[in-house]
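Presented sequentially are two complexes of chain A, the first with chain B as partner and the second with chain C.
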Partner chain A sequence: MEFVQNFPAFSIMLCLFAGIVSSVLKKNAAKWLNTILIIVVGAMSVAVLYYTASMNTVYVYQMGRFSAPWGNELRIGCLEAGTALFFCIIMLLSLLGGRTHLEEDVESSRHNLYYVLINLLLSSLLALVYTNDLFTAYVFVEINTIAACGLIMVRQNGRTIEAAIRYMIMSLLGSGMLLLGICMLYDLTGHLLMSNIHEQVLSIVAEGTYKVPLLVAIAIISVGLAIKSALFPFHAWLPDAYGYSTVSSAAILSSLVSKGYIFLLIKIIYRVLGFEVFHDSGIINVFFIFGLCGMIFGSFSAIRENDIKRMISFSSVAQIGYIYMGFGLGTKEAMIASIYHIFAHAVCKSLLFIASSGLTDVSNRSRHFVDLTGAAYRNKIAGVGFTVGALSMVGIPLFPGFISKLLFAQASILNHGKMLPALIVLAISTILNAIYFLKTVIRIYTPVENGRNLTITFRQQRLFGVTLLLFIVFSLALGSCSQPIVDLIRQGLESEIISSIPNTIHQLAQSLMI
Partner chain B sequence: MIDYVLPIVLPVICGVMLLVLGVPQKRSNLLLLVSVAMTAVLGIDVLLLTKVSGVRLNLFELTHNVAISFALDRIGTIFYVLILVVWCLVMIFSFEYMKHEQNEKRYYGFFFIVLGVLTGLCFAGNLITFYAFFELLTLTSMPLVLHNQSHEAVMAGLKYLFYSFAGAYLALLGLYFLFQYGNTLDFTAGGVLNEQMAAQHQPLLLVLALLMILGFGVKAGMFPMHAWLPTAHPVAPAPASAFLSAIIVKAGVLALIRVVYYIFGVSFLRGTWVQTTWMILALLTVFMGSMLAYREKILKKRLAYSTVSQVSYILFGLSLMEPVAFSGAIYHVIAHGLIKSTLFLCAGAIIYQTGKIRVEELNGIGKQMPVTIWCYTIASLGLIGIPPTSGFISKWYLASGALNSGNPVFAWLGPVILLISALLTAGYLLPITMHGFFPGEAFDYKAMKKAEPCKKMVIPLLILTALSVISGVFTSPLLAQLQMIADTIF
Partner chain C sequence: MGANLLCNYGESVAMLLFGIGFGNLLLQSNLIKKIIGLNIMDTAIYLFLAEKGYISGRVAPIITDGVQDVNKYINPIPSGLVLTGIVVSVSVTALMLSLSIRLYRRYHTLNLDKVAMILKKEDK
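Right, the complex of A and B next:
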């Protein structure tokens, strides 16, 4: 076994320990520990990504070498490693971009607690990405929820506490349903490891027994994770939670936390249930319809909104609708489009949140559109960043949003029954996106005469400016060089499907271990 | 590679530099900067245009079957030369006109960027590249509409934006399908459809063709999505209106030429219900635009409605799918480009010198600004279609193309509507000349002041007017070119 194969387990453990250590550190020490931790984890993910992609391999890592069915396993392919790397980059950039705001929003005695939460969040995200065990996944889902609540509440004012409680209630409802579903699956199959469950699920389906319990299990797992990732009818907690928390938290919550759950759902679809079983269960039609509704209603709510951060939050509802619509189309192409959209949306949404904080800074901290008039002239780099994010959301060519729309459309053409609704809603949603994002862009570029508001130049905010530049470069790279990324996603997904023949992979794993 | 990329990138760089760099203290310094950049851009463009080989260049792969690629063919060259000429003259006119507007630097900056984007549009070698530049064109030309940032301008800008995006999305919808049904998306004379697939899925492809025609037709102001044009064009500063109305609407025309003649192919669309629908829509727009222009009282709006009507002459010519009408349509692109920019610049000169915007205020204007109104009159005669101007040639070809087409209804209906519309055109353009030169007895000659604009405004006007006449007199080189294009696509 090569040393690089240990890296995923190391990175999860490192994050957990860093979280514990941070609780007794001073503010600056915790900050640096966190930064170094993310960089180290990112570097390890690069190594793992290089290893899995160049060897074109998938391996199972047994924690403590306890073998299946009792041991706890990680399973690593290029999709997992790539996602982990991507999460690290976004998290690092989001934290850098929101650092000055953190100073203002959070009491300085609590800063180390903030980094405790961030470290725990990162560990849980990594675990959700890597794990091959449903119960471990559940445990880290809970850690993720608690950490996310903390991130919302760390800025203490009435609205964040209310938002955090709402988030907590909805999120726990979701985890409860997930737990119920896992229990039922355990009951039906007798296993907790994904590959073993899959084996049993296939035989149950082949025998034709336990149809209803299996369907119920699939349904409540799906709904549980949909609630947690704010799919349309369950999105009520989202705008407050994202809109009022400190900017790093908002960026991380919108671009990473919900995506972690979606990634887990993808793993459950492919590795636990098997794509065919999930496809035949009819849940995908529900996803499809809710996804389409989300795309429309999210945008409508965003149009009605007068507060820039809440508007961006509502746009998340629409974008998550896109991802679920991709699930609902039920083809591999659509799944690739959804995963690409996870990346595209994560970059653009965190960019938008960070840039909007720069805009509100120069508008007397007001987030209302009227006050933002001309903000792009007062903080130029934030204006450019916001424009790039907005153009990507609208789907202008060369930005990532365009590529994901192209992929969705190409995928939907292959599905004859759902082609028309998907394309029509894509069209409507594009225009609605254009309405609220470009309206905002025009607003921030409309000059005003009065000199009441302060102006911030690049020199006064080097860290913020450089972060935004990195974000812009990253999103342009994602948009104009999409092909390698799509290929990587395809390779990763194919390995997910191949591995649904579990025995061979275990033999392979055994041979790798020795 | 350099001959394709530099003409696109250089104006964009100039524009971005203008936007980003600090404002020169004196206005003359800004103008000097702009004119140096302009000379450089034009010089390099013309130099490279003589060298360009027409070989396809694949710049980079966007996704595995989508490349950003450039190839300049004859039709692209014609559009490109027209764009360069009008752009240059409008810029010179702006030097004086923009004196009374705010934010000059931004205006010039976006004017440069728009030139780069239009260049990309002419050079685009496949539908994806074309679409990308088409979207960018909407975004980069919007600041021209928004320029004075009044409430009216912002609303007009938004209207422009949403119509354009709705249209672009209809086009994109077709593009998604064409990935499946086309052999390639590179522009190929005669179409790229996979014959077997085309035969199997004919109804679907026809619907898509109509959607794409409607979608790209938005930019060309075709009914039923024309409403943005009379709102958006007049609110821009007059030189920008001239450029929007004369050139940027032609981007929609170029798009339709590309889609119909280079993607779907004439043989696939000719004689189908799509062609009929397109002809009906185009004729409807011709008639309706003229009627609305006739009723309109504000000069710039009247000219914008006239654009709606005249561009649909071009679309009607294209929709006939017949070589002579095709030549007429392209000829009208040039004629209308030159004439409409002249007319808008005249309107601009009138606003600049007198501040008058309504038609009935223009009594006696010809006595005040004789040169401007003479240019206006000659250009108007061209648009009506009176020989020897270019408008006559193009309409002659359009009408004879319609008569040749052999379509039982449109062979006679087309020319009739074109004639009626020509009469209406005379009706809405010439009163300004008549009342301008013959103000009637009530006119107070004593209160009248000479108001001829300065040379920077008059010279571009004279050149454009002269070009519109010359292109109607010396027709054979251009017609020979058009014949060659028609030979490849029919």
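Right, the complex of A and C next:
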């Protein structure tokens, strides 16, 4: 076994220990520990990514060297390592961009507690990405929920307490259902490790027994994770939780926490149930319909909103609808599009949140559109950042949002039954996105006569400006170098499918093209 | 169908309790009642697990009198899962209760609907 193979386990453990140590550190020490930790974990993820991608391999790491049915395992391929690296980059940039606001929003004595939560959140995200054990996944889902609740709560006012309670209630409903589903699956198969469950599920399906219990277990797990990741009808908690928390928290919650749950769902679909079993269960049609509804209703709510942060939050509902629509299309191409959209949305949404905080800073802290008029002239870099994020959300070429929409459109053509609704809703949703994002961009670039508001130049907020520049470069890189990333996702997904049947529609399309 | 329900009465009761807890957590407007619902829901899952792990006529998996035969003991894994689940549920309940205290100190009510109304007034 090579040394680099230990890195995923190291990074999870490091985050947990850093969380414990941070609780007794001073404010600045905790801040630096956290920054160094994220950079170290990111560097380790790069090493693992290079190792798995260059060798084209997937390996299983046994925790404590206990062998398969008894021990706890991590399973690492290039998709997992890439996602871990991506989460680290977004988390680091979100924290850097929101640092000045954190100073104002959180009491000085509590800063180290904020970094405790961030470290625990990172460890749970990494564990969700890497783990090969369903019950471990459940435990880290709960850690993730508690840490996320703390991130909302850390800014102390009535709004955030109410938002945190609503968030907790919906999350607990979701995790209760997830736990029940995992218990049912354990009851059916007798295993907790994903690969062992997968073998048993295949044999159950081949024998044709336990059809109803298996369907119920799949349904309960899917609905539980859908509630936690705020799929359309369960999104009521989202705008308050994202809109009123401090800006780093909002960026991290919208771009990482909900994505962690979606990534777990992808793992369950591919590794636990097998793509074919999930495809035949009919749950994908439910995902498809709710995904489409989310794309439309999320955008409508965003158009009606008068508060810039709540508008961005509602846009998250629409974007999560895209991801679930990709699951619902039920082809591998659509799944790749969904995973790419997870990355694209995470970059743009955190960029939008950070940039909008810069815009509200120069508008008397008001978040209403009327007061934001001309804000882009008063804080130029924030204006540019917001415009880049908005253009990407609308789907202008060069930006990642365009690539994911293109991938979704290509994937929907391969599915004859669902092509028409998917394409129509994609088009409508793009127009709606354009309405509310471009409206905001025009608003912030409308000059005002009496410049009584203060102006912030790049020199006054160097860290903020550099962070936004990094965000912009990162999103442009993601958009313009999309092909290697898509290839990497495909490689990661294909190495995950061990024994499920190859995608017939895709093969048909390929043979037609030849 | 009916016969299966009768002989698996433990699991049926667990599902009923899960439904009751889930409904309470979702629909009650009083926070304390919501938390009680949460606990009923979690406990129902532990009952389900315990029922699944139990094999009638066998004893708890602690070696007694030197008997090492596997067929004398019940499946220990669900018991382990229940223990882990209890730890998670305790910490989540503690967090919810502390949040309720915060909310009560600020708004002097535990009713979420009333809090939402107060917040709407604050906005105007």
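To be clear about the criterion, the second predicted complex is superposed on the first by the 498 of 514 C-alpha atoms of A that agree within 3 Å, B and C clash if a C-alpha of one lies under 4 Å from a C-alpha of the other, contacts with A are read in each partner's own complex, and residues count from 1 in each chain.
Here is the rule we use: contacts are C-beta pairs under 8 Å (C-beta built on N, C-alpha and C of every residue); 3 or more make two chains touch, one makes a residue touch a chain.
Being a predicted model, the structure only gives us computed values, none of them experimental.
By the document's definition of touching, neither partner reaches A:Ile289: not chain B, not chain C. When the shared chain is aligned, chain C comes close enough to touch A:Glu162, but chain B does not.
Touch criterion not met for A:Val216: it reaches neither chain B nor chain C.
Of the two partner chains placed by superposition, A:Ile303 touches none, neither chain B nor chain C.
In the overlay built on the shared chain, the residue A:Cys149 is in contact with chain C alone; chain B does not reach it. When the shared chain is aligned, chain B comes close enough to touch A:Ile435, but chain C does not.
Of the two partner chains placed by superposition, only chain C is touched by A:Val139; chain B is not. By the touch criterion defined above, A:Pro397 reaches chain B but does not reach chain C. Of the two partner chains, chain B is the only one that A:Pro447 touches; chain C does not reach it. Chain A residues in contact with chain B (one complex) as well as with chain C (other complex) do not exist. By the touch rule above, chain B contacts chain A in their complex via residues 60-64, 66, 103, 128, 131-132, 135-136, 139, 146, 149, 154, 157-158, 161-162, 165-166, 169-170, 172-173, 176-177, 179-180.
By the touch criterion stated above, chain A contacts chain C in their complex at residues 135, 138-139, 142, 145-146, 149, 153, 158-159, 161-162, 164-166, 168-169, 172-173, 176-177, 179-180, 183, 186-187, 192.
Chain contact summary for the complex, chain A toward chain B: residues 391, 394, 396-398, 403, 406-407, 409-410, 413, 423, 427, 430-431, 434-435, 438-439, 442, 446-447, 480, 482-483, 486-487. Across the complex, chain C meets chain A through its residues 18, 21-22, 25-26, 31, 34, 38, 41-42, 45, 48-49, 52, 77-78, 81, 84-85, 88, 91-92, 95-96, 99-100, 102-103, 106-107, 112, 115-116, 118-119, 122.
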